[in-house]
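What follows is a pair of complexes built around chain A, which joins chain B in one and chain C in the other.
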Partner chain A sequence: MFGSGVLKGMAETARNFLGSYVDKDRLTTVQYPEEHAPRIEASRNFPFLVYDGPDPMAGLRCVSCFICEKECPPKCIIIEKSTDKKPDAVGKPQAYPVKFNIDVSVCMSCQICVEVCPFDAIKMDVDFEQTATSRFDALLRTKQQLAKSNEYYHQIHPTEAAAVDAELAAARAKAAAPKPAPAVAAAKPATPAPTSAAMASPVATAPPTAAPPAPPTALSSRPEAACRSGETRSATTEASPTPDAPAPPAKETASE
Partner chain B sequence: MSTLTLDPIAAKASLLKKDGGQLLEVSMGPQHPSTHGVFRMDVVLDGENVVKLKPIFGYLHRNHEKIAEDETYLGSMPYTDRLDYFCSITNNWAYALAVESLAGIEVPERAQYIRVITAELTRLQNHASLVGFLMQDMGASGTPLMYAFREREKILDLFESLTGARMMCNYMRFGGCRVDLPTGWLDQAKKVVAAFPKFLDEFENLLVSNEILMARTQGVGIIPAELIVNAGITGPLLRASGVNYDLRKVDKYGIYDRFTFRVPLGDHGDVYDRYMIRILEMRESVKILEQAMRDIPEGPFTDPKTKVRNFRPKPGEAYGRIEAPKGELGFYLISDGSPNPYRYRVRPPSLINLTVLEEMCLNRNIADVVIILGSVDIVMGEVDR
Partner chain C sequence: MTTPDTIDQIFVITKHWLLGYVPAPLQPIASAILSVLPVMGVFPLLFAITTVLERKGLGRIQNRYGPNRVGPAGFWQPAADGIKSLTKEDVVPRNADQIVHFLAPIVLVIASFIVYAVLPIGRNMVITDLNSGLLYFFAVGSMVELSVFMAGWSSHSKYSLLGAMRATAQMISYEIPLVLAAVVVIMATGSLSTVTIVNAQTGYTMGFPHWFVFTPWGFAGFILFMIAATAESNRSPFDLPEGESEIIAGYYIEYSGFKFALFFLGEYLGMFATSGLAITLFLGGWAAPFSFLTWIPSYFWFFAKLLVIIGVFIWVRGTLPRLRQDQLMGFAWKFMLPMTLLNVFVAAAWHFLPTGIIRWAVCTALLVIPFIVFSMGLKQNKKLQVRTYRFAE
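Showing the complex of A and B:
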């Protein structure tokens, strides 16, 4: 009969409409923003920097090895290395980033920085509700904005964070056993060399042994937007001794 | 009349007909909801009939191939997600396949199974949404598309819990996959796949025997098998014209020789056949998925010998191709031994499938152009790259 196909389809629509009241599989949407869909543990959007301990800037795990900067496909990470050293997550004296910026308007959330970082210093965040009122500086996240605690990391990716912590604890135990390196290292600061990177950044001239200064306000970090330009960035890269050399993974570092 | 020649369109002699009438040149797109992205068709109409059609693209050109020559091999992987953004996992696979044959990397057993499972899930969600969009183009406003998206959502949730992202998965790596299946993922996937045939039944009930749909699609946009083979068309479009060519059977890349599935073929090569082919292919994909999820072994999910960083394949060239949901997706790479490919070329199915658009649309109504384009299944991210 002509029209029976149409009627059959209508019956299907009715079944779906009525079914949506009783069957959860037929109504999968939620009323955002009042309701949120359950968060999926593996989900990711933008990277953040993990720190241990109470002080975000002193506890950053990042040793500014430039690997992520080099591997990031759209090149949206901009790092400036310190000239002095401080103990890293496993207690070995390491440089730290004076400047660590991620341009989130360029970042494509690919997670490659997380994959290549040998120090478990950079991880993916899940915070997707972000706004900015201007196009450039507001979307250039500084290390003060990027630093999030290890507890936060545990909160958003519990399984992954637990595995990372176990690994780091093992590395720390290994490092502590043969020689108490951290204390010696902290007492013997490296001489700050007047490289172009150091001159470009006032933070680099801070006393080496002390923790980096308290997080500056958003305003004082604004000039960093200038490093979007090519010259400043290449200067930064040249200032680092061997940005191309593969940094040793955390475990090897610890055993030295 | 001299006043007529002042009109710039009428001034084109080719638009004047012998009987005194006029042809009309219409620019459909680039910002048109029926063109599936920023795509333009320059259509010359005689009344409602198409006498000439010129596809114009390039509005979404992102320089993918040239950028890839400056990226490391791994660095191009997330960019491949953005080609056909509906099927990022199959794009990853085609690229990984090319690099693996370039560098001679073996893929472990479990990774092969994971690849098949994720690729077939991709096919399910691509075809489901394509059919939804096709119905939308035909005026079945919203309902079938929303049903399709509801099912697609469940598959995207699976992708998110596996890869971290719903669409830009960036999941495959040279020699395997980025992460192993999380605990409970397989059970969840089995549930989704087991429920899928029920959705397909409903979807068929909804529209397959609908008289209006049949009137709109049967006999529309026919391409003869000979033309379609000569034009290099692949994928469901080719099979709808009755040519039995599926790379999963022809190349047996990965481990596709281990699964029993059939390749559905069309008879007429019209829009209705293309629509049915997609429904039938989804049923076959469900079969592959069931077998793969039953047989998946334990073991490593990636080749431990392959380095992520400082990856330099030896000089040479390679072409890797797979049966993506839209057709043959190939990556052609030349390595000169440096960390960046010397040449990187994509063979996108969407672009090549578009080349016969004019032949399909000639002497059809302008309204048919919309559904013919819908049945080709294009994603502009892949057409323009």
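Showing the complex of A and C:
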């Protein structure tokens, strides 16, 4: 009959109209300022600087090596290196950033600064409410505003933070241990490598790149940085959700 | 005068009381102003309420909340919209015909307002009781087409012109079924006066009203009138003239700020006016639906019926997708026009047949059988196939 389709459609919309008052599950809207949609752990928005210990400025992991500033595609990071050095978390004298600014309006949240950082000093935050009342100074985030504790990092990205902490602990243990001979130093990064290669196939190429740059008598920080960067790579690939790898699930359950 | 009567006539009494303070030579113009001002206040207010109700209703149909931020449950939204459209820049295209471009929304709003002159809002509540009220309504209602074409032509934009062309074609095509659907009521009452038409429907039999919608020709006439009214007011599913997806906003694409708001206002006022006319013609105007409810003031019933019809308009808008231009025209000329013409004959048959069950059966059959034949015919002509396109080389 002519018009029966119209009536069927009207019945359907009437059911939706009344149903939305009866059944709250029908309404998919998240009323944003009051409600927030559940955040997925891998979400990221804007970088922040990680610090250890109670004092934000003293505990910054950043050694102002300028790698992130150089790698940043839109050039939104501005670093000024200190002339003096102060002991870092390991106790080694390191330079620190006098100024570390990131321009919110320029940052494109690409995470490249995080990927290139050899010291795990810069990580991605999840705070997306980056509004400011002024176009100029307020959008330039300073070192003080960017510094956030490692506990906060654990809170927002538990799995990733646990992996990073494990890496750092291993590196510190290695740094604390006496390094008498090149054989020992070369063997140390090599020992975890086979296991990780066995765990996840994409990591198989990582150990050769990590192991060679370990000259034992080099300048104080260089080998450590190289080792760390190599291990950070493998750690991130391990932490990334690869369902066929047997080990990461155990790690995830432990961290969660 | 009893208390319900006093409440029913409160506005009329107030007007006469106020007129008593006006010197005699000025009384005609004062009377006109006192009649017009409430209409000019109430219907834009209804427009404001309708916009927020429409947005909330459409939202609920789509399982959303709709506006719920400004004021309690979002009911100050129209005020926010009004402030926004007032403070927006009024952009006029450089190539536009400045005068016509400026006049078009004004003509639309004026045309939409002056049809209310013959609309009986309550008992004794009509601005003028013209004895050719219906004719006046349809004649003035045609001014809307003029303003729409003014807007489309003066904007000097292809989308505006396409929208205006579509709107004019659609409005002229649907004006014929609109008027023909109203003709049956004129045949039944023998009058063009809207007040006489409402008075003809105020009786009750066993508590039930004598509305024309409760007759076969009245029911068919009401449905056909409402379909034509939807097309006349450019509302979904007949909103091709302002189809956002293909011609952006049709004839008012080049309008911004308060002129755009005036177009919106004019459109809604036109919708209220045609709905009000449908109420006057078929739903008994300000008459109560049952005889035991006559103590409720007449204007309350008018606005209650109007809100119900607006609700159905919103409901239809939330349900039906937009028609194609050929479907629109085909529907007007192949279905609406024959059905309204047939309905005129049915009304004549109703008038000449003796009262009783036979009259009901004959008139219903005269309407239902052609309707089924029409729908079968339309179904047979429907060819579902992969479309082939030809392009210019």
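The criterion applied here is as follows: the second predicted complex is superposed on the first by the 147 of 256 C-alpha atoms of A that agree within 3 Å, B and C clash if a C-alpha of one lies under 4 Å from a C-alpha of the other, contacts with A are read in each partner's own complex, and residues count from 1 in each chain.
Throughout what follows, contacts are C-beta pairs under 8 Å (C-beta built on N, C-alpha and C of every residue); 3 or more make two chains touch, one makes a residue touch a chain.
Since we're looking at a predicted model, the values are computed, not measured.
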For A:R44, select first, second, both or neither according to whether it touches chain B, chain C, the two together, or no partner. first
Examine A:E71 and indicate which partner it touches, taking first as chain B and second as chain C; both and neither are also allowed. first
Determine, under the contact definition given at the top, whether A:A162 touches first (chain B), second (chain C), both, or neither. neither
Thinking of the overlay built on chain A, is A:A132 touched by chain B (first), by chain C (second), by both, or by neither? neither
On chain A, which partner touches more residues: chain B or chain C? B
If we overlay the two complexes on their shared chain A, which of chain B and chain C does A:T28 touch? Say first, second, both or neither. both
By the touch definition at the top of the document, which applies to A:M124: first (chain B), second (chain C), both, or neither? first
Between chain B (first) and chain C (second), which does A:G9 come into contact with in this model arrangement: first, second, both, or neither? both
First (chain B), second (chain C), both or neither touched by A:A177: neither
Which positions of chain A sit in both the chain B and the chain C interface? 2-3, 6, 9, 12-13, 16, 26, 28
Along chain C, where are the residues that touch chain A in the complex? 57, 60-65, 315-316, 318-320, 335, 371-372, 374-375, 378-379
Touching residues (chain side chain B, partner chain A) in the complex: 71-72, 74-79, 82, 143, 147, 150, 153-154, 157, 160-165, 168, 170, 178-179, 182, 195, 202, 205-214, 308-310
Spell out the residues on chain A that touch chain C in their complex, using ranges where they run on. 1-3, 6, 9-10, 12-14, 16-17, 19-21, 26-29, 31
If we count contacts the way the header does, which residues on chain A are in touch with chain B in the complex? 2-6, 8-9, 11-13, 15-16, 25-26, 28, 40-44, 67, 71, 73, 108-112, 115-116, 124, 159, 246
